[in-house]
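Next come two complexes built around chain A: one with chain B, the other with chain C.
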Partner chain A sequence: MAGEVNRRDFLSTLGVSVGAALTASAGSVIPSVGVAHAQDKPKGNIPDTPYKIGHMTFFTGPAAVLGEPMYKGQLLAAEEINAAGGLLGKRKIEILKADEAAGTDANVKELRRLKLSEKIDFFCGITSSGNTPALGPVAEELKCLTIFVDGCTDFLWDKAVPNPHYIFRITNMQSADGVTCAVAVAQTWPKIRKVAHIHPDYSYGRNAFDHFGIVMKKLLPHTEVVSEGWPKLGTTDFSSHITKAISSKPDLVVSSVWGGDYVAMYKQALRYGMFQKAKFASMIAFGVAPHAIGKDHPEGVIAGVHSNYHFTYPDGDRWPYNKSFVEKYHKRFNEYPNFQAEGGYTATYILKTAIEKANHLTGGWPEDDAVIAMLEGQMIAGPAGYVYIRPDNHQGYKDAVTGFSKNVADYPFPILDPARIITIPIRNITAPPGWPKGEPTSTYTWIDKTWPVAKV
Partner chain B sequence: MSTPAVTASANAREAGSVRTVLRWAVPVAVLLLVVPWIVPPYTAILLTYGLVMAIGALGFNLLLGYTGLLSFGHSAYFGVGAYVVALMVKYLGVGSMELFLFGAIIGSVIVTAVFGWVCVRYTRIFFSILTLALSQVLWSLAFKFFWVTGGTDGLRVPTPSLLVGLVTGQGDKTDFMSHAYYHYVLVVFFAAVALMWVIVNSPFGKALQAIRDNETRAEFVGVQIWRYRFVAFLVSGVFTGLAGALWVPLNGLTTPDIIHWSFSGEIVFMTVLGGFRSFAGPIVGAVVFNYLKTYAVGYTVYWQLLLGAVLVALVLSLPTGIVGTAGRLAARWKKVS
Partner chain C sequence: MDVLVIHLVNALLYASVLFLIAGGLSLIYGVMRIVNMAHGNLYAFGAYVTAWAIGSVAGGAPTVLLLVLLPVGALAAAVLGAVLEPTLLRPFYRRAEEYQLLVTFGLLMILEDLLRFIWGPYPLSASEVFENFGSLTIGDSLYPTYNFLVIGVGIVAAIFLWGVIYKTRFGVVLRATSQNMRMASALGVNVNRVYIQAFTLGCFMAGLGGAIIVPGQSAVLGMGIDAVVLAFIVVVVGGLGSLEGALVGALIVGVVREAGITWFPEIELAVLYLIAAIVLLVRPAGLFGRP
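Moving on to the complex of A and B:
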């Protein structure tokens, strides 16, 4: 595709919808989360030894407010499964925790310890995109069945492990984050001209910056980048970056700062009146545990959820899987889930589904290879909607979500405005299977080569 | 002036001390050689990490224990070793461990020569701050030049081939790490220990200790302080660089984390833990610290608290470290019996 098209027409071909209705209804063949429905009786002899899961995420530091909920999501699923007898009705799940904040080197050792010394059956978790490229190859070496919840860098499949066997990943690919945010901006504020960026200075920030930029080049080609700020990950002082952004007089400030860092940043930005001086769009502002954001957070800004999930969408009666998940999670932990919690929960159920299917075929406790074969191409209805594991790269795909911050009476923190949720079919914003590996990512080159430039 | 009688008695003492050392060293060496067959693979891999860090800490202690200079920038040389290997893989497609070690030595000689030239003019806190600052410069280079260094993603290093391609790691990686690679590291470790033993017991090593104990007197005796410190710095950095090169294949990836000053802090921790006043201190400290951190991280999310508590307890109650304290206890036991 080349040449110029009308922006609005192109956005509609992307299937971007606001306040979206669900497009498909759940067929009986698609498995779902939860253990309420009747299970087939497992075939053959199942041992009753515990099924050990090693779960690594941030339990300490500023990243914990975003990362720790993935452990809670998995714990909730495990407790539900155990209450119903365990995996295949026999094997109770036991979770061993490990702190991701120990650093890449210690994390690699810890994964080895979990597999070789604790003999875990399955490894799960990981928040930082700096850690999956380190742990992915080690999990492959150890032949350790793994589903990463996050750590969603494209680099993992593009370069670090181009042909995965044992490792999978459940939440959306990182490139979808920058693209979703940029598409939302193009749709909401097409008249902006000057864009200032504040991103954490590591691979995630650069990935968000690159993909936001390539979409801008296509959809809003008249925009220019007037300022770039690269605060260090884990920093608490954003003043210089905020003032630098403001002084460039932008129409829009874009940021992928996340977790506790983002909480610190928006509070400081309030003091400088940044949100009055420019529009604001974030890839991941509401990715943290919802209660971490205060009612002082500006309203009407694009508050991304890592393009994955916000607990208010899809709303209750239209998508009961979400309603029941949010209720159970709130009851168990007295807080609301974030996208990581959903990821940990869904990862556990997609594993359970694959184990059941493999058992159905092979009988007894299935070999890892049988479970892997079942996971490849597996689709499951989770709280966020359908998640599909692509067989070629073992990556989970679900429709991307973002929205606008809004304070409502029902919650003590802002949520995504239920009337203005933006969803985009994931296949329209990520490179398809077979697309050649590219620099910086496959999705980047795919957008660059196949998206038309919109007319002003 | 030494009379023949004094020299003879010194020689006898020397021979005696060598014999004592060998009485310890030989059984330990034999035990280390057979370790992979008697412990589970994971323990052997963890010990490999420990031995690698022991080489680094041994180098570090040449400055701290023998020359009296506290470097807070040894992460830089460790990082140079690791990144030289990773860049050799990325740009030259090299896969041989011997070439890696060779490259890492050349790389760390160059970097330590430059850094040492700047740093050894100063002592005490000024020296420590300078080494720290320079290591942070390297850290930010590794961090910022991501198109070369991979930034925070780091650079991957595949399993190397050992002994000019005689042993390849094509099969099971865990098996390779816990046997072939373990023994490879062990041999390098033995060589490093022997070399360091010779260095610290040579006239050069004695001169360093003289500088440490009294700089002014050493200068009066005719020791060229600046030059001696520089050479000690160089040797120290190269040992740590060698450790960095041996560490990369274990981790499979090198990231800027290992150049950050906090990693220098770990090297200091190891040495203090083992005892910087003794030759074996850093070796024991590195191995113990490696187990300590790994199990602390594995068993509690309060691992930082635990490590901090150990450090405080160490400084307060065991200032001479594990080896120093063990030595004192042994001496007391000998006196009693």
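Moving on to the complex of A and C:
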């Protein structure tokens, strides 16, 4: 696919669509989240001992803004499953909490303790990309069935655990964020020339910067980076970074700053007039705490959601799994779910689905290996849409979503403009199975080598 | 040109808040010889209380009322300090310094959890004040007007502290206790009272730092730990126990950070530690410290 092509033609081959409707309705053969009323009777004898899940995520520190919803998502699913009798109608789920904020070394010890002393059946959670590459190999060594909710670094499958058996991960991979944001920019504002970046200085920010850059090189090759800012994660003072970005007179400012940091950043940027002077695109602005964003947030900027999920999409009755999830979550916790809540919820149900399918084949309580075989290639209809677990790398894939900020009457905070949601089939923006492991990521080298350069 | 002015004001903004935090830390050390690791979370506590106070007043309240609520966080931090000193710290004065470090570090953790317990994991913002002030124009650029208030408070606090320490009887007692606690005590100074006053004043300053910065930034978990690390850089540069040192240290850190972000974005984080390392090598007691 070398050579030059027309940008618009290439974007349409990527399947990028705006204001997209869902392609297919949920078929009866595809398992979905939520407890069905009429369940198949499990085969064989099922023990009634509790099914222990070790859930490790951030319960303290700034990342608790991600961790708590992740836990709540799993808790909600567990409560629903338990109310219907438990897994296979017998085994009640019991969640043991562990705080990821203890640090990577302590987390590794805690995982060992949970598996060896507490005898957990299943390990779940994890927010930080610094922790999955450390915990992944240990979970493999302990033969501990695991679904990481996040910790979405490409590095986990590229390098740390290239051939996983016991571990899976449900969120989109990190590289999807930079790529999604860049594709949205290329489609929306093809005339931009100068780009300023502000990213948190750790793996997520670096990854977002790299992947945004490689897509720009292909789709908008005439753009140049005029400013870089690398604030520390957890910073709430962006005065200097904003001043620097504005003084480089960019057409576009791109940022992957998230959580409380982002709330502080956009409020400061407003007073510095940044949004009047440049267009703005984010990988994750509305992803972390959708309700923490104020009505003063500028409208019409690309407000990413970690390529994963915003609770307002798919909206209304078109996708009942989302509607009922949001309603139940809001009723239970009095807040709206973010992508971590969706991840924790869907991870629990995809596990339940795999256990039920394995039981149908083997009878009784299935061995982990049978559950793993069912998880590989499993597809489930979750609140965010279909999630598919790729058998080769145990990674969950769902179509990427992003959109434009808009204030609506229904919510006291801005949401993604329902009329202009951008969706991209995930297979078109991630390296396919068998693609050689690359540097910095496989997806990066795949884009570099296979995407054509669009004509100016 | 205007960009340079803005960079300078940014540096002053950062230095003002840093001075309030590091000044309090230094004051407490100067008088009591306690390295208060928990200091950063008194700053965070001030930020949270002010954000909560302003947030609980219904939207649309007049700016004057919101400004009156601003110091609430500083007062709350002062009250917290006045409670903590006699109950938690006093029993450890006669012990080795490691115990004090452990206790105040433990306190740092406990306060962090307390903040999360009371206000939850989500950022708390008090941006109404920041928004109501709007922006003013510097050349072709906009600049948040509120930031000048923060800088003003920083300057007033520095002058006020200088006045208290060098021009009042309380300041004389404070300095006497700082130079020789036993001698001051022998001369009839109620050391316990001086300690609680100094600690409360130090906490008030930290709380004030949090209270004035929260409208522009928002209160988040972990802000206290970041703040105490930065405050330590300031006192390492300026000299632990010296208020002049805290002031000069804060200005140096403010300017160097601004320059680092602008010209060396790749080493933004490292540049502050580099200054601290250089000062430690050249003047181990800091620029204004007593060796």
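Everything below uses one rule, namely that the second predicted complex is superposed on the first by the 455 of 456 C-alpha atoms of A that agree within 3 Å, B and C clash if a C-alpha of one lies under 4 Å from a C-alpha of the other, contacts with A are read in each partner's own complex, and residues count from 1 in each chain.
To be clear about the criterion, a contact is a pair of C-beta atoms (placed from the backbone, for glycine too) under 8 Å apart; a residue touches a chain by one contact, two chains touch by 3 or more.
Just so you know, these numbers come straight off a predicted model, no measurement behind them.
**Q** Please work out whether A:142 is in contact with chain B alone, chain C alone, both, or neither, and reply first, second, both or neither.
**A** Only chain B is touched by A:142; chain C is not.
**Q** Is A:160 touching anything from chain B or chain C once the two structures are fitted on A? First, second, both or neither.
**A** The answer is first: A:160 touches chain B but not chain C.
**Q** Pick one for A:34: touches chain B only (first), chain C only (second), both, or neither.
**A** After superposition on chain A, A:34 lies in contact with neither partner.
**Q** Touching A:296 in the superposition: chain B (first), chain C (second), both, neither?
**A** After superposition on chain A, A:296 lies in contact with chain C alone.
**Q** Check the residue A:65 against both partner chains and state whether it touches chain B (first), chain C (second), both, or neither.
**A** In the superposed model, A:65 contacts chain C only, not chain B.
**Q** Under the stated touch criterion, which partner chain does A:239 make contact with: chain B (first), chain C (second), both, or neither?
**A** Touch status of A:239: second partner only.
**Q** Determine, under the contact definition given at the top, whether A:264 touches first (chain B), second (chain C), both, or neither.
**A** Second partner only.
**Q** Can A:213 be said to touch chain B (first), chain C (second), both, or neither?
**A** neither
**Q** In the superposed arrangement, does A:229 touch chain B (first), chain C (second), both or neither?
**A** second
**Q** Need the overlap of the two footprints on chain A, from chain B and from chain C, as residue ranges.
**A** Comparing the two interfaces on chain A, one with chain B and one with chain C, the shared residues are 60, 201.
**Q** How about chain A: which of its residues touch chain C in the complex?
**A** 60-62, 64-65, 67-68, 201, 228-232, 234-237, 239-241, 243-244, 246-247, 259-261, 263-264, 267-268, 270-273, 289, 291-292, 294, 296
**Q** Quick check on the complex: what are the chain B residues that touch chain A?
**A** 40-43, 45-46, 49, 143, 146, 151-154, 156, 173-174, 251-253, 255, 257-258, 293-294, 297-298, 301-304
**Q** Touching residues of chain A toward chain B in the complex: what are they?
**A** 59-60, 97-99, 102-106, 108-110, 112-114, 116-117, 129-130, 133-134, 137-138, 141-142, 153, 155, 159-160, 201-203, 206, 233
**Q** Looking at the complex, which residues from chain C come into contact with chain A?
**A** So the residues of chain C in touch with chain A come to 3, 6-7, 10-11, 13-14, 112-113, 116, 120-123, 125, 127, 130-131, 134-135, 141-147, 213, 216-223, 226, 257-258, 261-262, 265-266, 268-269.
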